[in-house]
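Please find the structures below.
Two complexes come next, and they have one chain in common, chain A, joined by chain B in the first and chain C in the second.
Up next, the complex of A and B:
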């Protein structure tokens, strides 16, 4: 059934389903999840971490014996996607951290995904093997070569069943095209091309060609001292293969049409909200920097996330967003501290549900927020081990901003800023969400009656 | 504990003269808060993790914040000179500023009305506050007032200025020497990361301090930073000039 809340927000109850990852108090940095993504059917859920690994979970078939339980996600494949590298020219390390994973639509039995670190994009093929050939002529079962002179008979090898093996192989490596750090990758709706965006440039690739890419956006100034703005995120339109958007550190979004020119330096549309002069501070620009931009599934809207808000824009209206949602406005008076401890530079992502009726984004203290665009209701939930009983209903959380704190509320000063939900994902058609909390992956589902 | 973000409020023209006088007393705190923010920003621009390339987005945002502060300080230039002469030693002011930043938001809300800077010119005329958008100009416009700014500060504390300048230069060259020969060459090569390198040199005067909790702002009162803070912005301009020469060679 198609997703989202056909009913009012308050009618949907979110329940704990699963949590992946260790409970250790000391978190190994390599285990920190850096990206989460469902594939187009929702059958697979991929995570990337700081150690350069990709873990893919597959949803189990729903059991007829237990109709009240939805299919669970279990590990399907784990592989090392990127390794740490050293750039000898600059004497700098290149982190193996997976910045983004994007799935290709499935076209045959195998699954394909793109994964990227700061510099290199890789196309991975994930396929199953449940048969193997046996009875070779030139080698024995151990793989050792036979002496050809000893062979007296020929036989035809046959395929015999074996234990299911899932193997991931790198099919393409797209390297050496980015001077700056890659922040986004996006698969085009033509399924033949994709783009990769770094701080100053966006390149267009063909999946088949790894030794060249087309540069379609370049905002690098001639003199780097004049640099005041960088690209923060980019995405292709879900249906129009010539259209894409990219966001900037100044809170603007540009929509470009690749048909107009080879180098899309001129935007077709420019989205920017006028500044509110009464709210001006030295931190205004920093908190306006857009950390994520996502097209709605319909392609009619774009959603942007800046430090304190999530905004929905209509593609036909450039001068202001049609909706603005406050994620954690109580932080507005704490910006100096958040600047000091660098939290103000945290890049939160945002996601649409399948029907574009609800949007979700993360916050601190392992809180994440959902906003129902129709009812204008919102809810704050928490990803924590305390609420990890199977099918336990998540209780809405509330932050107390001043004055008297009610019993279940938490005060702003008690929030744990080291527990940040930067990455979340929503199943394409069902109310199943994946929330990355540092090194743990939480999966929540709506309550099945 | 957390503190209020620094806000610039436009001066409300309806305030009476009493409010104006109260505002005069509040000016040092605003300026010192702003100076602290500038100092903090310059520390952040320094490359703490030399092994990995710094986040360009973060660097650009911090650099833009530094420019905004410099712009505003430039606009305040003449007014600032009057005020600093009356408040005494710079190092004591430094301690005061950290205390203010660590006050609870309620305490801050009680006493302080921070008026727009433009109102407090020499004549204390009731000028309207400048449109804030004018001050948030791009980097190119900062070039013009630089000379004016450095002249202003040199007039004020020439001796201290020179002392700090020399010390800052020493620290910059020390930073350069500590790097491996290869990376020093890189600094002067045609590689694209010239942006980072300029920042390294500009901020070489600050030691590598890790910013932690708000209480960590007390580190600003330590001897190392106190001496270099007071004429930070004049040093910046002088250093810009020196660095330009170094890089072009």
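Up next, the complex of A and C:
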């Protein structure tokens, strides 16, 4: 189906498809989902959680018998990617929380993904085994070595079918390269290198080499007391393997070209929108900090998320974004409370749909928002168990900002700020979205006609 | 933007966040602490601008204030607004609105400024960087303990300054910073950059006329009030920053005391939270909170503990992110 918000004069209607995770009232912190990512074909959907686990879902083949089920996602593999660690030298505990997962493009039967916590990136190979060899000469079926003198004949081992087993093995561990907390990883379009970014530095790795990385950005000042900004996100250009962008806590984006110099401290482009002085507050710096940056699939645009808005930038225009979307501007008058309860530090991500015509990001109260860049229409939807009947159409939600609250609207003061949608993902080519709501993963699809 | 918090509340909330970040799993989050330091800076800027506006109004009312009024502060930093340049400190004992020199220092912190040598005529008493010395004396005058608190009100005495030759202030308390990359441990004198301890010294070095009491000897331990025992670890024996012992020199070093009591009445939690910061940040915050300062003498209209925070803000915000 065409990926797009408007489709032959008919709006996309989003329907509930599945929800993964428990319904427990008390959520174990380890179960909180911290990252969600489709692979390049959309066949696999990976989640990482605060407990350091990765769960991969696979889309089942569409069945002619049940066309309305349109391929459900079922658990394919679960493994413990990272464990808690303790750095004895600095007396620091290293959280096992998975900050990001990024898939490599599939090049053979196995799947490869990168997962990272605050300090260490790991390359995992996920492969299937549905046959096993039987009939070895030198060892018996239990694996015990046979006495060679007892072997009287030779046979050729054969592969016999077995129950499908999906195994995940760590193929590379990229450690000890980050002093500060890793916030991003990004696979290069050359499929040979990737980068990892922490608060002050970005390192370039070759997948084959784990004992060294190349530092390509370093914004640590000589005197830490002069520190004014940190790196908040980084991503490679989808097609140009020499180009990447990184965002900062000051609301700026720098585009760098690795061909110009080894250390990309000087940017090729610098994107910044002048601050509106009428909006100045105690918290101006906090809300302008960019929490996510994503290239469009076309590579022509970048999208950034700060606390209250999503912005689309044209790579050819540095002095301001070409589009700005208000995610939840009604929070602007609540910044004091949001500072007190730490919500103002929440880092929301943002995603493009496959055709770059719609962008999506999360909000509070388990709301998430979609903006159609062509029609300029937006919608607020909710991920909740109440709307969890199969193929139930999601009803648009509305936040009442003041004045009389209409039925079905929710007032700003009733919003549940503990229910935040920080992580979402959009299938690369279809209208299927995955929305992480604390410890639950919701999958929504557009209505099949 | 409707904001129900004033600058001082924001400062105390922010300090609490920085404090609690040290015990959170995963280590200190540089990004978050940097953002919090911006809030601290913004709150302080507003706070200071309000204070200076108020001071200016008061100066209009008391044109014949104490000699201190005419005393210039340290040479103002290049970019300092003119009103910060000469901060009048009323030594008028009736004036309860004495602004501590730390406020001025706070203003100076905003700018890059070399350590300023106080004009010779003001260097009558050695002056350590303001906060520790200032409140060290205050510590001696506690409720139910100590000698006194009977010093003349409104007096800004620099208790225990060990200025020595009267050159640059001698900062004797230290903060240790570990660079996570090089694993080099650096000791920062007094927890501030020198530019932060600049202009107040002359102010706080200047005792009101008539005062005869000598400063307490350095290294006297601050008297703690019940419930503050855990802070004791943070202040080493002999560290400057300890307050005067019971029975020590009877200073009323700071008009902040009574105000602190008002504040703590409204926010009883805040004071203990902030006082706990002392063990984290070391002597720089010493004297920040000292209940025995809340003496009965007079309804002084000083500043709250967060005022010290305001004063040393620049250094601390930098020290915080200097991981």
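Note that the second predicted complex is superposed on the first by the 443 of 449 C-alpha atoms of A that agree within 3 Å, B and C clash if a C-alpha of one lies under 4 Å from a C-alpha of the other, contacts with A are read in each partner's own complex, and residues count from 1 in each chain.
Criterion: a contact is a pair of C-beta atoms (placed from the backbone, for glycine too) under 8 Å apart; a residue touches a chain by one contact, two chains touch by 3 or more.
This is a predicted model, so every value here is computed, not measured.
Aligning the two structures on chain A places chain B and chain C in a clash.
When the two structures are aligned on the shared chain, A:282 is found in touch with chain B and with chain C. In the superposed model, A:214 lies in contact with neither chain B nor chain C. In the superposition on chain A, A:79 contacts neither chain B nor chain C.
In the superposition on chain A, contact of A:341 is made with chain B only, not with chain C.
In the superposition on chain A, A:412 makes contact with chain B only, while chain C stays out of contact range. Shared interface residues of chain A (contacting chain B in one complex, chain C in the other): 89-90, 92-93, 95, 118, 179-181, 199-200, 224-230, 232, 249, 281-283, 285-286, 289, 332-333, 335-337, 339-340, 342, 345. The residues of chain A lying in touch with chain C in their complex are 89-90, 92-95, 97, 118, 179-181, 183, 199-200, 220, 224-230, 232, 249, 281-286, 289, 332-333, 335-337, 339-340, 342, 345. Across the complex, chain A is touched by residues 1-8, 10, 34, 37, 40, 44, 51-53, 55-58, 60-61, 63-65, 68-69, 101, 105, 131-133, 136, 138-140, 180, 182-183, 186, 191-195, 198, 211-214, 216-217 of chain B. By the touch criterion stated above, chain A contacts chain B in their complex at residues 89-93, 95, 118, 179-181, 199-200, 224-230, 232, 249, 275, 277, 280-283, 285-286, 289, 332-337, 339-342, 345, 412-413. Considering their complex, residues 1-5, 10, 13, 17, 25-27, 29-32, 34-35, 38-39, 42-43, 46, 177-181, 183, 193, 318-319, 321-323 of chain C touch chain A.
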